[in-house]
Amino acid sequence: MDLLAQYVMNGVMLGLMYALVALGFTLFFGVLNVIQFAHGDVLTAGAFAGLAGYAVAVHAGVEAALPQLLTVALAATLSMALLGAVLGRALVLPLKGAPALNVLLATLMGGTALRECIRLFYPGGSQPQRFPALLPSASWSLGRFTVRLDNLLMLATGVGLILGLSLVLQRTRLGLAIRAVAQDEETARTMGIDFRRVVLLTFAVGSALAAFAGVMNGLYYNEVNFGSGLLLGVIGFSAAVLGGLGNLSGALLGGFLFAGLQTLGAVAMPFASAYKDVFAFGMVILLLAWRPTGLIGERLGERV
Amino acid sequence: MNPRVVALPLRLTLLVLLLALPAGAKEVVKLAFIGPLTGGNSAIGLGGRNSADLAVKLRNADPAARYQYELVVLDDECKPDTGVQVATKAAADRSIIAGVTHYCSVVAMATVDTFHRLALPTVVWGAVLPDITYSHSYKEIHRVNGTMVNQNETAARLMLKQGYRRWVVIHDTTDYGKGHNKYFTQFVTAGGGQILGTFGVTADQQDFTAELTQAKALNPEVIFFGGLTPIGVRIRAQMDKLGVNAQFQGTSGIVSDDFIKGLGPLAEGVVAFREGAPAEKLPGGKFFLEKYAEQKYSNPPEAYGPFAFAAASLLMDTIEKVGPDRKKVLAALGEVKGKDSIVGAITFDDHGQNTVAAITAYVVQDGKWLVWEDSEYAAGKRRLKGR
Amino acid sequence: MSDAAPLLVCRDLTRHFGGVVALAGLDLELRPGEILGLIGPNGSGKTTFFNVLTGLYPATRGEILFAGGSLARARPQEVYRAGITRTFQRSRLCLELSIFDNLAIGAHQRLEHGLWSNLVRRRALARQADATAAAARELLHVFDPPLAARLFEPVAGIPMIDRRRVEICRALISRPRLLLLDEPSAGMTADETTRLMDDLLEVRRSFGDLSIVLIEHEMSVIARVTDRCVVLNYGRKLCEGSYAEVSSNSDVRQAYLGLT
Amino acid sequence: MSDAPAWLRSALAALTLAAPSGLLLYGFLSAELEGRVGLVLAAGALAVAGAWRTGWLGRLVRMAGERALVTAFTLLAGGLVAVFHDDPFVLLLMARAFIVLVACLGLHVQLADAGVPNFAGAAFFGVGGYTAAMLGRGALPHPLVLLAGGAVAAAAGSLLLLPLLRTRGHYAALITIAFGLLFRTFFEVNESLGGPQGLKLAGLEILGFRFNDDRRVLGVEVSGYAGYCLAAVAMVLLALVLVRRLERSWLGLALDAVRLDETAAACFGIEVARWKIAAFTLGNALIGVAGGLSAMMVGFIAPNNFSFQESLVLVSILLLGGLGNVAGLAVASLIVVWLPEKLQPIQEFRYLLFAALVVMVLVLRPTGLVPRALRRPFGSPAA
């Protein structure tokens, strides 16, 4: 029982991170019908940016954890919002109208370049970097189940962020613009919406989300690594597709589902846990065979 | 400057002579360094590269040296086919006399035939799989570092001596991790220890909570980790998250400053083992570390840097002795007995394996890797987990 | 002619999209050689009818009899083999292919698709290609002689009207028994359309009893070419008869022309 | 020369194209110093650009015609093998480029003809390799072993058929991506096929001719890789003829129709599913055969070689060359296989530069080096 609770807890934390990544993918697809595959590496870059921010803060003599945390979060989200917009401007918009495959590959390679840059130019970037524990680390145990305060805080923030995002999309003018563009570019233009601006803003928002996920990743594992982006990207993409591209709730569902599959894979096959990714990706293939346009299906629709 | 056409080598030698005669400059001799410079294992690869480079720099600075050495650095990406490609490149280039080759065992395995076929004397600087030297009788392949067999034998003995009996093994599914799992399990069970469970994890895995939760349920005294620094750091950190407080024991792959940097206080008391005498204890070793620091390389030497340095130095000593000729170098390498180096005396057996490869036990104390014997843990001032 | 067995019979043909009823129990008959005009406001189910008939959307309910056989559950490929071809409202030619290739796609059924004959028996292949090219030229020539000369130019490079022509030729080259035209006038001027229709009728003469169902907003076209009209509204048949009859029908004027 | 017989003109045209490219390739392959590599590249780029702008390139290509060109470049490849007969490294590089080209032709049939995405190219390449490793030791003649590699790869691909047929676009792409990742992990975890340690392979042997041996031919040392190189060239020729004949036949037309507009295709009796299956299977078979030869040549096989990144490299070759253009494909595979090797001098920065280059080409020239040409059906008067 306590074990089960532990598994669920682990799965939920994992799922939250995947969901945050998947949200980015689904947002980008929504507005532009493209997959921005550098997204996973943007996450990593975000974590490293946060780390740099922390170093600066410490250098500037900031002692308290909270201001440090804020510096980290701001450094990460702002820089990545910028990077995201730049990527959108430099890699995605120019390829608008080119086959989807080109965008996929261009962003994948862009991500690779980003990854290599971290490895080569961030001091010691080729090895894992320690990420400071900036959250209170109190924890309670019942039997073999340990729940930690910092995890709960992250969980709360993450959920809050997601709710915030959906509010932005539902209530604000930006959200309206984004949804309009997602529905149909032409109509949006005729409604006098500045298409490019909306797209770039979307990329900024989505990338900021990824950066936040990166920071969360760092706080959760107390370690960041230049290479973690590719797999996280692929998983986030899988999650978004599983849920149904362009569908926010789908992205969430997909994220938690994938985490669930991985945990299940590790638990169901004790001592063969290395197969858990084989299991998870195998399930992805089967699920897509069963529901070809994702579990919830596309709301925004891939124009075939 | 490869001899691409029949005429080219002639022209080149002429050129070299012309350069050599008036200035009286030394003849240039090339050594190859092969290791992973890109991808997941690049940190160790770069550490090795820098160390070999350092060896060459020092030698070139030495007026007594008969030759001017040039290091040809090649990236094997830790992939067999790329490895074979660059190995062929190095071996086919007759101006390259010998090679300091490979960190990744799988690549080292792939290239032995190439080196044999093209007769390039090589000294492995980091790959630990026994078969690399023992699966064949090629004269071209030597190795300064010990194999994972020696390492795990010592590891098992020492930990059993501490009174540990119940292990959970976590290893990455690369050749490195799987090999360590195999040999450690073998020696521990032989010594009366018990492996409660074994978990394979992929080398790019981020989250280990599922495995660790199961491990926790098995309630082991020690978690043995067979793998490299990156996931070593993650597993140790996540053990703490899940409140798994068992002793953490690693392999040569985690004996790196980054392991400690990556974990901070959490690294305290972690035990690991590495082939070779501890660099910092031998006079040559101290010298190496100082010189390395002087060069201001962007990466630390990592666990295997000293071996790359030793291998390169060994090759250059040999060339100084017998001259830049592959056959002679090969013959001379066969003779190496008790040759001292910064990793201890080197003696090659008939498979080219360095037999006296000492195994050193390390423990992290106050943010530093200390040799077990002179740590407060050995002295009993501090205690490993559960002791 | 009027007493001949009907070529196409639709009974209670129905198609739902979730809650929306796009086609509601449509009954329709078509005699061999007849030209039927299908009119109605946007979203009245005209194109849906084509899509159901050609098997792109399976019918939710109802029966389709074509030349005696049932097509209600048929896949598009089977519908084509049965002798029904169509054009699309928004031109769906393969733009990066040549006119010839597009027509050859239309002639798919007659072309040899065995591995051996395609990869090895190259002389036979060449002969088949020449035959197809000849047929294509002949057909194009009727619509626009210059077009026939541009047989091997990419479709992307020709004007809208020519694309319409090519699309119609693609539908005709397999010598179907029923041709479904979805708004051929879209994006063309009235007299361009008129000319297109006249050419079509000319081809039809050489075809014998080709029947046509024509979706069209351009009433002048309907008036000129159709033998009979069916008016759809909200997926239902509002009324049918000659253009004169339906255009004078008050419900139609109400629903469609928006007059009272 | 206008009154010269057609064959002569095409031959001359082909030669005028092949000769300078030969010089270029020779220069590139033999160049070692960074400076010289750069020089050769610049010269080549300049020459090509010039020939392009002035329209000479197109004119010569048209005048030569496919057959003459293929012949000329086959001779060219043979010539290069002869020149570098004693340099195993250059031969290995060439052989690898040719083998990759064969694999890419397989991918080309899937992606460029039928529009079926495949981001697991390296996986199918690996299946071919592992098959060769398993059967290579046995009594089965090696040509058959290679074919078996293709067959097994095709069979492995059939696992994906159902999901691939039901999905489209990014969804289909994800299925292949997932398979690629899954495959690599599986072979790493699973011990029965060597696990992460990988497997040694027996060298290729045909009718007692052992490709691994270096030998003296007419008194000159000839590296064993020369044989592999020629085998690879032969394989390229076969694949090329197969693919081009396919494309110019009605089969190719059907594939184009499926790629360009499934709905319209269906409305003209084209069995979309059938053609997708055919293309995917044939493609994987080609990739598998190439993988088999590659594994035998390298003599060793391990999961590391078949990672997702490797699959990406294959796809980038397709897009860089210009999706749907075989000539571009050939050029791109030479560049993508050789350039990283020539970038060795910049050591750890190689991969960064390579990725950056790919991105640049994709952004600045979305159509790839050589854009898709208008399809010329076989026997058409225009052809």
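A, B, C and D are the chain letters, set down in written order, and residue numbers restart from 1 in every chain.
Going forward, contacts are C-beta pairs under 8 Å (C-beta built on N, C-alpha and C of every residue); 3 or more make two chains touch, one makes a residue touch a chain.
Since the structure is predicted, the reported quantities are computational estimates derived from the model, not experimental observations.
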item	value
Groups of chains joined by contact, in the absence of chain A	one piece
Geometric centre: closest chain by C-alpha means	D
Averaged-CA centre spacing for the pair chain C and chain B, given as whole angstrom	74
Chain C and chain D: spacing of chain centres that average the CA atoms, whole Å	43
Computed distance of Cα centres, chain C from chain A, in Å	48
Mean-CA-position distance for chain D and chain A (Å)	35
Sites on chain C at which at least two other chains make contact	none
Sites on chain A at which at least two other chains make contact	116, 230, 272, 274, 277
Where chain D touches two or more other chains, by residue	185, 188-189, 348, 351
Set of all touching chain pairs, with the criterion as stated earlier	A-B, A-D, B-D, C-D
List of chain D residues in touch with chain A within their complex	111, 117, 160, 162-163, 166-171, 173-175, 177-179, 181-182, 185-186, 188-189, 262, 308-309, 312, 315-316, 319, 323, 348-349, 351-352, 355-356, 358-359, 362-363, 366
Complex contacts: residues of chain B adjacent to chain D	1-6, 37-39, 42, 46, 49, 73-75, 78-81, 84-86, 88-89, 91-93, 105-106, 109-110, 113, 117-118, 129, 131, 173-175, 178-179, 200, 202
Touching residues on chain C, where the partner in the complex is chain D	54-56, 75-77, 79-81, 85-86, 88, 92-98, 100-101, 104-106, 108-109, 111-113, 115, 118-119, 122, 125-130, 133, 151-152, 154, 170, 174
In the complex, chain D residues that touch chain B	29-30, 32-33, 83-84, 86-90, 92-93, 96, 185, 188-189, 195-198, 200, 212, 214, 224-225, 294, 298-302, 304-305, 341, 344, 347-348, 350-351
Sites on chain B touched by chain A in the complex	38, 40, 42-43, 46, 173, 197-202, 204-207, 209-211, 213-214, 216-217, 229-230, 233-234, 237-238, 241-243, 256, 258, 261-264, 266, 298-299
